[in-house]
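Letters A, B, C and D mark the chains in the order given here, with residues in each chain numbered from 1 onward.
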Amino acid sequence: MTKPVCLIIGAGAGIGGTVAGRFARDGYHACLVRRSDRAGLDRLVAGIVAEGGSASGHIMNTVDDNSLEDLVTHIEAEVGPIAVAVFNLGAQIGNRSLANTTHKAFEMGWRLATFGLFRLAQVLFPYMEARGKGTVLVTSATASVRGNAGQHSHAAAMAGRRMLCQTLNAEFAAKGIHIAHIIIDGAVDAPDTIGKMLGPERFQALREEKGLEKDGLLVPAEIAETYFHVAHQHRSAWTHELDLRAYTDLAWWNHATATF
Amino acid sequence: MTKPVCLIIGAGAGIGGTVAGRFARDGYHACLVRRSDRAGLDRLVAGIVAEGGSASGHIMNTVDDNSLEDLVTHIEAEVGPIAVAVFNLGAQIGNRSLANTTHKAFEMGWRLATFGLFRLAQVLFPYMEARGKGTVLVTSATASVRGNAGQHSHAAAMAGRRMLCQTLNAEFAAKGIHIAHIIIDGAVDAPDTIGKMLGPERFQALREEKGLEKDGLLVPAEIAETYFHVAHQHRSAWTHELDLRAYTDLAWWNHATATF
Amino acid sequence: MTKPVCLIIGAGAGIGGTVAGRFARDGYHACLVRRSDRAGLDRLVAGIVAEGGSASGHIMNTVDDNSLEDLVTHIEAEVGPIAVAVFNLGAQIGNRSLANTTHKAFEMGWRLATFGLFRLAQVLFPYMEARGKGTVLVTSATASVRGNAGQHSHAAAMAGRRMLCQTLNAEFAAKGIHIAHIIIDGAVDAPDTIGKMLGPERFQALREEKGLEKDGLLVPAEIAETYFHVAHQHRSAWTHELDLRAYTDLAWWNHATATF
Amino acid sequence: MTKPVCLIIGAGAGIGGTVAGRFARDGYHACLVRRSDRAGLDRLVAGIVAEGGSASGHIMNTVDDNSLEDLVTHIEAEVGPIAVAVFNLGAQIGNRSLANTTHKAFEMGWRLATFGLFRLAQVLFPYMEARGKGTVLVTSATASVRGNAGQHSHAAAMAGRRMLCQTLNAEFAAKGIHIAHIIIDGAVDAPDTIGKMLGPERFQALREEKGLEKDGLLVPAEIAETYFHVAHQHRSAWTHELDLRAYTDLAWWNHATATF
């Protein structure tokens, strides 16, 4: 029997790969897509299969013309119906002043984080609409709701993505398609994103200061539980926007000291 | 063995009573508190017990001095540790123009919806802090994030409550207490709230137009699934704010026609 | 000829008194209302008169029953039509933990900041509605849009006030009454508020660090320019919400360090 | 003596052209830039000159490489220091379903409304930073704060722009550069934008229903007063975000009927 597909765009060793495993554990075929690191992708797929799940992987630069489009068409024709898509592409390039943010970097943020979701929706939603159901979970960032110094590219891209989620919901919710915008408001214990940004030593120091034993970083396996829950909310009670953070973190709206 | 307690403030035949049953099903003792209708309360408690759960009920006007305070003290001393509190008191009084909103009505909205949560936190949090954990789920309304004509009392009370949730999180999250603010952005299929507000005939008409078969009203049993999930999020990935609505409803931020 | 009245509720030596002077300079009779310090009030009134303006003062505890109500009735009958009301009552009591915020303090925040505006609107708007015009400028705080540790009373009161402004606008804008909610997002160079909160030495140190020469505090005279502008916006282009901060301050939504 | 320059990007017969005239009236040289309609541009420039002002015009497609960049360099070298820039490019393409929004249209929205502001800031801010002052007024839309059906391109572009304003303020406010994000929350009485979108007959009908006599449309001359005020706020009291709407319009956050 054909399994429903959970398509993960941006499947590294962090939220993406872990969410893939979570859905595979409960009967989905997980399609993992990432830009590079074939070996890392193969490890994620093999890990899911070793636990009895079903998974496959694709290396793909999603900004290439027709990449997402051909992928969705292929999966729907050959693998199974995409019941859930997790759009997990980030566009964080670290803190860069305006002068140090190139036109190319600013545009790339938009291509990955905003335009990519638009393209995915355009190719995927006709399938979901025909079935009268479907879910898109969008991993988002604090930058989607407030700008900050050095975040010119990131915040513009993420905010565009958030409003795109709202326009998609306004058009497609009544057709049975559920889009959820999930703000990850803190550092995730993820070697493929923050680990690479900080480098191994600073990442290890962060893990020791706030890490797994202390639950001071967002733990991908726990994030995945909420992704799974939201994807299975009954259509009479859907969440469109929610946030996630570690208990030791202040929410983004809390300055440490302001009393105004 | 003592069961953990789930305390429901505002337990009618809608979200409150249903959430009580959901937690009781998974091992909690449910304490249901409501202002009136002893017979209705007894039916809810009996229903939970009939399904093998553990529950008890209290009739109480929470705006009375020491009411919530004595209740929490009593439960902690005699029943069990309050692991989860669901603050489900509403303050909706229908649409009233400014001229028709009495001082008393405006104050009552605040006493029920804002001050009540403050009082609950003050008496309950020392217990939770001593245990290093606890959860408060606050049922909220669209009025907490935007005012609307005729909602003078309701919006002021709900917005005060939302900001109170944020101040409580800022002080208590790192101490292990999780406060979640849940915006119910639509009509709930609930005879004790919207049913009473509309009257039996208009409520029945609404149910026929958007009701259970069509999932056009928020269904309490489905809302309760998300309440249960949020209460069991691991502390490394907590949600502080989320919304819920039926798939056929537009989100509050969507006018039907505006294109600006 | 009767001058239009600008009524200032909360007229200390900061925003309130300065705004009073600004409106008096352009032809309004300024009615200054404050709770205490008759000598300070008299100095403000005398200062306005010395510059050729028209002003009068009232010492009044606005939380007393019928205080605001009798005042508005008196002014409308004896002094002139209230064209502009500036609701400038604060409810900042400094940072207090939940345990150290008494029931009384929490209630007082609401009585001053939320209920006071409701009462003012109820007595004043029938006069304005009959004239088909009127303006209410509401001084607000960052706490109206986000909670923060220690701000339990302040944030709940200010958020209630903000939503009240939105409900009032929804009902009264089309009747010609303009309510503007003005977020003061920073420290004001005001001896009667932050000066008293900090004490003379810390206030002086703050002024030397960020003060007048450096424009690092919000300057009341400059705030007053924007109040005056908003009060005179043509009804075809009204502002309902705006913020004000000194150029050296980060906006409330900016953490210093977060890059998520 | 060299006049300070007010540069208007997007200077049609609506907000742009009117704001140009407002600044010229008070001593600025207005540089008007628009994509097409040389005759219309010439009329605007001639109109300003006829009233004793100073103005010049440029026809330019701002999405072309180096267009904005060369323009700013030219003005700073040959005309005068750009004291104020008004970024007034819209990206409204009417309501289009997802299926009817082409990749090209979605990208064009971003190029005009988001990337254009980024490019302008990058070339202009070094000049302003060297002078320790400068102002950028960004005309924005309701779509910057909430998505709506049919607004996929518009909302994503406008939201990216808003967050870009926040990142720019976070980096540049302390350097004396003031960026203000102005939400135009309603229909503007402007033949070059809404007039073209509706066509002459429907535009005339709208004007008769809500038009100038009734102040039911946003009047450009009144909008321009607020633009001028914000550009002249003292740096000790800057507004970063504000909204404008006609008194007869409901704010975007008000549904007509919701009571939740």
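In the analysis below, a contact is a pair of C-beta atoms (placed from the backbone, for glycine too) under 8 Å apart; a residue touches a chain by one contact, two chains touch by 3 or more.
Model, not experiment: these values are computed from the prediction.
Engineer: Applying the touch definition from the top, give me the chains sitting in contact with each of chain A and chain D.
Structural biologist: B, C
Engineer: Tell me which has more C-beta contacts between its two chains, B-D or B-C.
Structural biologist: Counting C-beta pairs in contact for B-D and B-C gives the edge to B-C.
Engineer: What chain lies farthest away from chain A once each centre is taken as the mean of the Cα atoms?
Structural biologist: Of all chains, C has its centre farthest from that of chain A.
Engineer: How many Å are there between the centre of chain B and the centre of chain C, using C-alpha atoms for each centre?
Structural biologist: 34
Engineer: Return the distance between the CA-based centres of chain B and chain D, expressed in whole Å.
Structural biologist: Chain B and chain D have C-alpha centres separated by 44 Å.
Engineer: Two-or-more-chain contact residues of chain C, please, as numbers and ranges.
Structural biologist: Those would be 143, 146-151, 166, 169-170, 253-254.
Engineer: Given the complex with chain D, which residues does chain A contribute to the contact?
Structural biologist: 97-99, 101, 103, 106-107, 110, 114-115, 118-119, 121-122, 125-126, 143-144, 146-152, 155-172
Engineer: Using the touch definition up top, name the residues of chain B that touch chain D in the complex.
Structural biologist: 92, 94-95, 141-143, 145-151, 184-187, 252-255, 258-260
Engineer: Touching residues of chain B toward chain A in the complex: what are they?
Structural biologist: 166, 169-170, 173-174, 176, 178, 215-219, 222-223, 225-226, 229, 233-251, 253-254
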